[in-house]
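My questions all concern the structure below.
In order of appearance the chains are A, B, C and D, and numbering begins at 1 in each one.
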Amino acid sequence: MARQHAAERANVVQFDGVAVRYGRGPEILQDLQFALPAGSFHFLTGPSGAGKSSLLRLIYLAQRPSRGRILLFGRDTSVARRYELPALRRRVGVVFQDFRLLDHLSTLDNVALPLRIAGASEQDVRKFVPDLLNWVGLADHIDAHPPTLSGGQKQRVAIARAVIGRPDLLLADEPTGNVDDSIAMRLMYLFDELNKLGTTVVVATHNENLVSRMDYPRLVLERGRIMRG
Amino acid sequence: MIGGRSDLPLSDDSTGAYLPWLVAPMVFLSAVALAGVFILNTLIGSWDRDVAGTLTVEIAAAPGEAAESAERTRGRVEQAIGILENTPGIARARALSQEQLVTLLAPWLGSSDLLKELPLPALLDVTLEGNGGVNLVELAAKLAKSVPGASLDDHRVWLNRLIYLSRAIEWLAIAVVVLIGAVTSATVYFATGTAMAVHREVIEVLHLIGAADGYIAGQFASRAVFLGFKGGLIGLCLTLPVIFGIAVGTDRLEGGFLSDLSLPLGGWIAVLTLPLIAALLAGLTARAAVYRTLAKML
Amino acid sequence: MIGGRSDLPLSDDSTGAYLPWLVAPMVFLSAVALAGVFILNTLIGSWDRDVAGTLTVEIAAAPGEAAESAERTRGRVEQAIGILENTPGIARARALSQEQLVTLLAPWLGSSDLLKELPLPALLDVTLEGNGGVNLVELAAKLAKSVPGASLDDHRVWLNRLIYLSRAIEWLAIAVVVLIGAVTSATVYFATGTAMAVHREVIEVLHLIGAADGYIAGQFASRAVFLGFKGGLIGLCLTLPVIFGIAVGTDRLEGGFLSDLSLPLGGWIAVLTLPLIAALLAGLTARAAVYRTLAKML
Amino acid sequence: MARQHAAERANVVQFDGVAVRYGRGPEILQDLQFALPAGSFHFLTGPSGAGKSSLLRLIYLAQRPSRGRILLFGRDTSVARRYELPALRRRVGVVFQDFRLLDHLSTLDNVALPLRIAGASEQDVRKFVPDLLNWVGLADHIDAHPPTLSGGQKQRVAIARAVIGRPDLLLADEPTGNVDDSIAMRLMYLFDELNKLGTTVVVATHNENLVSRMDYPRLVLERGRIMRG
């Protein structure tokens, strides 16, 4: 990062004329042109099926755009070699809308996964993971496996896994759909803290309550395009 | 490849658990077939040595009065020697002298002086070339057809016949080994591939979290190596009693005739290598399957 | 069992797709082994007929002067007849008369009057009982040991030896058929079981929506029957050329001796039944696996 | 139903001293004692992990209580034979918190599942399913498979599947976690309509907004017990 060009460095994510279509269907997203400055915090809203998850998938490199160019941490992802992508992905934390926890690993091991993949020591795992689980209210479920957790508990494990590595970019897709408002606010506070430490955050959500209570800019997706809210 | 931390939920799931039980019987079949081939080969080798060396051809005395008979018998002998010496694999054919004949017949007909006056059959002493590659069955048929009254040493012809049959069976057994090997490979391949299909989501999550392809493939490969090796060992444990059983069982059945039915060293090595091959195959397949799954992802 | 509407996502998933490819090679192996057993059995049957009936034992003339020799030879003949008639499976043993002997030897030694004055070997004509159950190899050994100069008809002994060897191989082949059958069953069992593990969630959803156990099991079973049958047919298609190949190949190799190496009708029926068995097995296993999965649910 | 005892008939669900524990853990639910009268509409609320999903699982016969007795449509489920249960289950429509759609079936086939299991004709399927999908806003996705649907779309498929059979009892577990408030209200209206036609409804939710906007009684789960709200 240190020697990167200043302009590139300023934008963690940059979309240039990006479009997405699935198969031979219509373009779900069209001519997306925006940038997320480093250290920013955005809400991503829009009706169900507008393409919020698709947009996030583009950023965390789960999907290629059918048109256009995406810069992630200043790197043009359309020309990046395959072996460069894991390192980019490790700098992004993702809360998947459907959690995607590994059923055969305990809560602790699920949350520890990004640390272990990044080569962290067991000592670090033991030091950071229980603390974070405590914060999200899962101290009692450290050894539980996902199938035995409640919906809201799974969601919190997914959030813990996304933030444990202090990613440079945090993408959260509907992270509060299964928890009540008090827990939701607590989780938002967690994101806020991370953001203050420098993480760029994007939260896709339907929870108007949440969006209105926090004073952050909003990207509104409608008919495949972004309208700044 | 074995050991190391496993971050993947591969330890106790039902998918992984069945892999050894698919590999075990296949390794068992392969090992039994392989052992069979080695045993058969040794057996045939020992028979081959019996057939090598010399051989006797008997030519009955031609009918008719003594002098006439002797004349005609001599003609047949010439004819037989001609055929024999033109057969590849035969070094030399030589008729026994009258004295040698009498000496040979004495145990049967008593050592009477009368023998010398009989129209005796002729005996040819045939020397085979070192490699023992003569098809005695064909030769016997040819002689019998061309030379009236000529016959090849029965014992030898039968042994030769047995050897040819055994060779056919040996080739069949080799075909079975190859076949079972192929089926084992296919089984391991598909079983491992299925495990990958089941774990597709796990692979995807690891991929999205930033694990490198080699890391993910390595996790699955080492797991598959372990499971394949476990299955191979189980298969091998099932094989040993069968190999000993064959040796003991056939030994008792044929009393001496098949007495050296034990597995040669090369056979043991080949059989003991099978679990390693199974493990390697499982590992490589898992690796390839994971890479194939990952290649479909960005 | 086949057909009917399928509400389950079993049509094009990778789990179901591999079942036929596991079943096919197993059915192939089973069919080849089964055909081998039938062919071998037919072959042995035809040899058995050759061995049945009568048999000749030759006893060399004892050494010494004519009268003394004849006396001792007669003693040996008595001894041999005693042994033979006490052997189970032998109906009668009778020495040939001097005239019969001379007639028999004439082609070999010429029909000279001198023959009558020789100390001739004795020949015993042995009548076997109908079932042909005499172990000639053992008998030959016993005779050779007890009676000096006695020997059993070589050809027959060899044929008998071959039959015993073939029987051993036949039993081995039967063992292989049983073994491969067991492995096939295990493969189908585990493969189908895995499919159920993969579809556990589907089963659970159908269960919770109110589908009866029989309905769910039926869906999976009919799918498995279809896949198993498909695999069985593929395996069978691979088998046919091999069966014909064996017949043609060994036929050419042994020229006449193994000429009836074709599969008997019973063998064809057994081989053609295999895909049905595989399909049935797959169906029943799937059914059982689904019921087992369901039994764990309320 | 016709000849059943009046008192039993009045209560679709009745809990007598019911408790639930998982393995050798603590009792998640304790001494539950309540009844849901036929034709009633309840919200089920409580913090994440309180046991809402567990309570619903008991009712739709996915799980046995560790203590107590549950009557469903007047039938004591603890003494009912296994072969009687499918018929009971067919009278209950469930929206699972994690949707549980069959990935290999199209939207139409997923929604048609309860009809087909109940032995409905293809004609009925073709008649009712597209209408309902239209109502929940999925007319364009009739042939789509769940993995290609957005989170909110999946949730609506799950709801359509639960209501298509006009069940006597509808259990919805967090049915609006992935949709915005306007769709949520639309779905609630659907439940309301069903309720007016005689269906007993229980909706477990964290959405305070929703609960307060609709004038229905509330069951609050807290520390394993039910407090009527």
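The rule is short, and it goes like this: a contact is a pair of C-beta atoms (placed from the backbone, for glycine too) under 8 Å apart; a residue touches a chain by one contact, two chains touch by 3 or more.
Everything numeric here is computed off the predicted structure, so don't read it as measured data.
Between chain A and chain D, the least number of touch steps comes to 1. Between chain B and chain D, the least number of touching-chain steps is 2. Distance between chain centres (mean CA atoms), chain C to chain D: 63 Å. Chain geometry summary: the mean Cα position of chain A and that of chain C are 68 Å apart.
Between the Cα centres of chain B and chain C there is a gap of 18 Å. In chain B, the positions touching at least two other chains are 13.
With chains as nodes and touching pairs as edges, the resulting graph is a single ring in which every chain has exactly two contacts. Here the touching chains pair up as A-B, A-D, B-C, C-D.
On the chain C side of its complex with chain D, the touching residues are 5, 7-13, 201-202, 204-213, 215, 297-298. Contacts from chain A toward chain D in the complex involve residues 22, 47-49, 51-53, 97-98, 137, 148, 150-153, 156, 173-174, 177-181, 183, 206, 208-209.
Residues 60-64, 82-83, 85-92, 94, 100, 102-105, 109, 113-114, 116-118, 161 of chain A touch chain B in their complex. Chain B contributes residues 13-15, 18, 21-22, 25-26, 28-29, 32, 36, 60-64, 66, 69, 106-112, 114-115, 117-121, 137-138, 141, 149, 154-155, 158-159, 161-162, 164-165, 168-169, 172, 176, 179-180, 182-183, 186-187, 190, 193-194, 197-198, 246, 249-250, 253-255, 257-258 to its touches with chain C in the complex.
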